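A short worksheet on the structure shown next.
As written, the chains take the letters A, B, C and D, and residue 1 is the first residue of each chain.
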Amino acid sequence: MTQPQHAHILQAALRQIPTEIQHVRDYEVWARDFIADDIWHYIQSGSDQNLSLAANRSSFDDIALLPRVLRSVHQGHTGVDMFGRFHRAPLLLAPVAYHGLVHPEAELATVQAAVALQTAMVVSTLSSRRFADIRRTAEAAAHDLKRPVPPLWLQLYSQPTRKQTAAVLQAAADAGFEAIMWTVDAHYKRSSLNLPAGVNAVNVDMDAQHKHTSQLLDERLVFGSSFTEHAPTWEDLAWLRARTDKPILVKGIVAPADAVQAIAAGANGIVVSNHGGRVLDGMVSPLTVLPHLRAAVGADVPLLLDGGIRWGTDMVKALAMGADAVMVGRPQLHALAVAGMLGVAHMLHVLRVEFELAMAQVGCAHVQELDESVLFRA
Amino acid sequence: MTQPQHAHILQAALRQIPTEIQHVRDYEVWARDFIADDIWHYIQSGSDQNLSLAANRSSFDDIALLPRVLRSVHQGHTGVDMFGRFHRAPLLLAPVAYHGLVHPEAELATVQAAVALQTAMVVSTLSSRRFADIRRTAEAAAHDLKRPVPPLWLQLYSQPTRKQTAAVLQAAADAGFEAIMWTVDAHYKRSSLNLPAGVNAVNVDMDAQHKHTSQLLDERLVFGSSFTEHAPTWEDLAWLRARTDKPILVKGIVAPADAVQAIAAGANGIVVSNHGGRVLDGMVSPLTVLPHLRAAVGADVPLLLDGGIRWGTDMVKALAMGADAVMVGRPQLHALAVAGMLGVAHMLHVLRVEFELAMAQVGCAHVQELDESVLFRA
Amino acid sequence: MTQPQHAHILQAALRQIPTEIQHVRDYEVWARDFIADDIWHYIQSGSDQNLSLAANRSSFDDIALLPRVLRSVHQGHTGVDMFGRFHRAPLLLAPVAYHGLVHPEAELATVQAAVALQTAMVVSTLSSRRFADIRRTAEAAAHDLKRPVPPLWLQLYSQPTRKQTAAVLQAAADAGFEAIMWTVDAHYKRSSLNLPAGVNAVNVDMDAQHKHTSQLLDERLVFGSSFTEHAPTWEDLAWLRARTDKPILVKGIVAPADAVQAIAAGANGIVVSNHGGRVLDGMVSPLTVLPHLRAAVGADVPLLLDGGIRWGTDMVKALAMGADAVMVGRPQLHALAVAGMLGVAHMLHVLRVEFELAMAQVGCAHVQELDESVLFRA
Amino acid sequence: MTQPQHAHILQAALRQIPTEIQHVRDYEVWARDFIADDIWHYIQSGSDQNLSLAANRSSFDDIALLPRVLRSVHQGHTGVDMFGRFHRAPLLLAPVAYHGLVHPEAELATVQAAVALQTAMVVSTLSSRRFADIRRTAEAAAHDLKRPVPPLWLQLYSQPTRKQTAAVLQAAADAGFEAIMWTVDAHYKRSSLNLPAGVNAVNVDMDAQHKHTSQLLDERLVFGSSFTEHAPTWEDLAWLRARTDKPILVKGIVAPADAVQAIAAGANGIVVSNHGGRVLDGMVSPLTVLPHLRAAVGADVPLLLDGGIRWGTDMVKALAMGADAVMVGRPQLHALAVAGMLGVAHMLHVLRVEFELAMAQVGCAHVQELDESVLFRA
């Protein structure tokens, strides 16, 4: 596999994992040397003062575990069923735009890691590789490794016109993507990154590509501009529901009432998220609000959580507080930058091992046993 | 426009906004290089240990937003009516003494920005330019820009004698100032700034100029001195109410009982404030006490808040917790020092854009929708 | 006044107050250059990890003031009656051992400042000057300044034998000391300071001088040693009560039940204190426990508080939470080291001015008005 | 006593205690210069982000003492009975693996200190010296010092087979170990230390030595591996109970329900512990959960606590919150590295002196008096 040196990639990804990399956080430290400054800033930064970003971590660190001892976990496993598919662990690759920013093989490398670790991947609308190519690469890897292709899902950004949105949906359907994770919290995201040459959102109409709020705002305010017209609304959920039989998850919800309304409108699951702290500063962290959302939607609605997952114990905490599964975002790019496909696979392996250890340590043999009883609440 | 270099101004204001300045905070960082040390210290400092100053910010940062998704804000706007006038946003220029400390054109530059952004300006009793000149400049700018003059209000410090106070009121009335914001919390403010040559409180009787507490205190204590005689009291509110039909807002209240008493005595609005943390250290922050004040005075009394507003999300939080509008203080001087009229206009624009973004992101199309439902309270 | 350079005093005290010294804290910063390392460490340090020391300050900083506005304080004063004597402010010089550690004139300089500022001084059993000499100096200063001698009180450490304790009491009575503040929390204080030549506890029997716990502990443990025999007990309070008609204050109480018991046993007042954080680490701060003590003893028992008072607002908070007066400790030594008698007088002046300002700012004309209504409690 | 320089020991232990070492913490600072990097890291580190490790300390520091005054403690002592034996203080040497890592005489030096201070020692299954040799050394020291041998207990790690576990129990019984402290929380501990030459777990079957999780995890996950088979379960407690009449304490419990179940299953005591923060990150601290455990098991079940004990006041807090005794872990190795047997003895002495001082200062003459009344709880 050749790795041509792109200008925005400071050094080629490693071919093997350094022994010093033992935790997900280590990839973040190492990645700094592989990624150009503006891209690094784009990946790492949150909004405004980074309050949301910091809350994502501190909300995990503030929860105390209360492990149970002497329970056998010998027959245990971490498997979970979602939408008719078995996941070996309650862990998915979160949708992340433009993997090409950190590695020349971009999403093709990531999806090979997903196959290797049998981990579902949510492919971003803003992928730098075509959905069909991602699918084809997954199948080739599955063939080589003699494993099935894990679930591939589409992360959908509503496009300026429904015709354009429909085209994205069709391309995803053609690539066999099995579910639709519709992001509803990022229409007003500000960004100042200029995409480097060769990194593009190849799956969307180039002329209609999502303009960054920051560009629009140079001239005028938000209200009264045409910009507010294209923001997703409940009507778009109805349209989407009518258009597809695939599972729809609404991503970017934190208010319990919104979760209830989304399910009532036909959504099949909710992704509790503050978009990695990138969109609105000072938001409640997903973990903090999670128990309220679980209480609002009841036991049967799939709730996924992202934002701040870096350790196996974070997964235990999220599941104990009501999540069915979690997603990991930025660490994909860190690991991809440092060691390509191998890095992403190792990062997923590390998280899964830590999760299994933590489950065993709190005395739970199956994810269904993870509940408030393993938490200490003052 | 010529900008003669004054000794206390380290470099002339810029003629255009550097692209690095994207947030209100950036003006503070840049301003350090434009302002002499003693003036910088005077502007930035709070009282004693800066506990009040720090609380103003931390009280905002400690509040978590709970945004709602998928609501259309397409027909939204940020307008608000106060005292029969429409404000395009719930944002006013707080009264700030001596703009001449940071820019040769002083309040004349600021008021031009106020006209450009259609933002109300509260003119300090301690302005370094005459009320009439400020008014004339506003009208000229309004003519040039083909926009109306926004509301200009008087910030009133009670003078040593009522005759002197009446003279200030008369000058403000002559200049068409539409409301009176009477400051009641700063009689005992300590200050050690020696005003530089050419910067004076030109609107008040020079001989009777407000002596700084710190000067008085060199010789004797507070109680038993004549100094306590001139502090404003409830009798002065009655006198003021009898003297004018214009709206009176009492600035510097944090105790709910005081707000109730002020309204009962004829005040038309309250400014919840700790004087930017400059007067009494260890005070409750305005934001913290705001819901208690709203509960005390009911829904209809205009409550303005200042102290710590630096981000659009701060405005969302203040309005959600009970304010009708907010004021921004020190950032005026930072922006004025860095880029004069243009800086102040840009600073206001940044705050308004951020506020509109934040409103759209929490799903509110009008300021009336901002209430406790967009906050997460544990 | 000559100031011979003693080896443990690094430079002679200044003859006038530098303008940079404006707050009590400033004396602490300046004092570092006047005091030898081991003595500085002895003065500044708390016990173990300094948790008690830090809590003394943070407990003040954590309280938020809720000032009232527009109340006239024109006829106000800060006077308070205690034990039949009028104090111009609710502020006393706390007992502090060995003023000679930082100034050659030792307690003689301090008492002159007490006379100048008409502030009561609590003279330590471990004073480095004789009670009679302190008294004589006070009278001479009072004569020069044409002011009365302010109250002088004895701080009493119980001595190894009652005969020795009686001798201390007699010397204090001979010197006209008006009350007895009996310290009950410092028997087990550890200390490693070797007193420099010329600094001694001249008022106690030299052979029987209080041995430091740290010396005793070199050989054996606490329990089972003779050391526990000499610790003060309730029986000693009965003995003391029977021996004198003067007011007795018990210093070093934090438990409400102990305060109640002390009053029942004939004590006339309580000093809520953790000995400046010097004795037992991890203690509750006096301010935190103060309202509980006030509730326990009722409105009429004099409660004094020390520990952490550095600002006028601290005095407001202490009185609002139930104290009748406060004492200031370490700052005496800081000010004495920097500027001798003048320094101590100025330090007291600063505190009183700040206290008067703070009272005026919260809208209270007399100390009796300081109560919970000027605090914001969430 | 010769101290050959081992490669992993950077300098020979001192022959006398430097006067600068006055607190337990001082040994930690000094020890850094005696111990090689990898071993230092192994000793000091906690799991993942060290959240559990930090919580162990902060939970002590967050508790405030409310001392009582004027109570005589003259007849006081710190003795406590456990399992028919008198302990001079409620303080034991916690089980710590491989003392040979820091001192050539290893557990033989430690046990001599235990004899000298009459402190019970819990000997680790992973001791670097044979149980019989430890016993013999204890008896020789007892003979020299003319003191009895203090209680020696076995810390038991369940071995891969019951036969192997039985062999450990037999060796301990042969050595006269009086109780069994069975550790149940460390099966999944990760470690990367390679034992230096000459340091081995000489009391266990070498071929079956506990493999580190980190080694196992290189190849496969936890669940589905044989690794989960060997984790201790409730069945093992039943087996152990049937096998011995000696007291059994279960170490590593934090959940009240587990404590209740252990006692019901025949255990005689509980050690509340998070394994020094080494095993599972983000756990509740033992001190925080202690009152809940005491409430669950009632007044009569012996509860020991370890994790973070560094000061005499920590012991007071632990006993006041429900512990019958505490154990100290890492400081053994610090003191052993710095000054061998002498260091451990001095470290124990320091803790006991501080504990006696703190008891006297809070006004308790016997450990039974230490209860919630000496704590301030807001």
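Quick note on the criterion: a residue touches a chain if its C-beta (ideal position, glycine included) is under 8 Å from a C-beta of that chain, and two chains touch if they have at least 3 such contacts.
For clarity, every value in this text was computed on a predicted model and none was experimentally measured.
Between the contact lists of chain A and chain D, the overlap is empty.
Minimum number of contact steps separating chain A from chain C: 2. Matching CA atoms, the turn from chain C to chain D amounts to 90°, rounded to the nearest 5. Comparing the contact residues of chain A and chain B by number shows a mostly separate set, under half of all numbers used being common to the two copies. Centre-to-centre separation of chain B and chain C, using mean CA positions: 43 Å.
Per-chain CA centroids place chain B at a distance of 61 Å from chain D.
Those residues of chain C that touch chain D in the complex are listed here as 48-49, 51, 55, 184-185, 187-188, 190, 213, 217, 221-224, 228-229, 231-234, 236-237, 250, 252-255, 257-258, 261-262, 279-285, 288-289. The touching residues of chain B, counted against chain A in their complex, run 23, 60-61, 63-74, 76-78, 311, 313, 317, 352-353, 356-362, 365, 376, 378.
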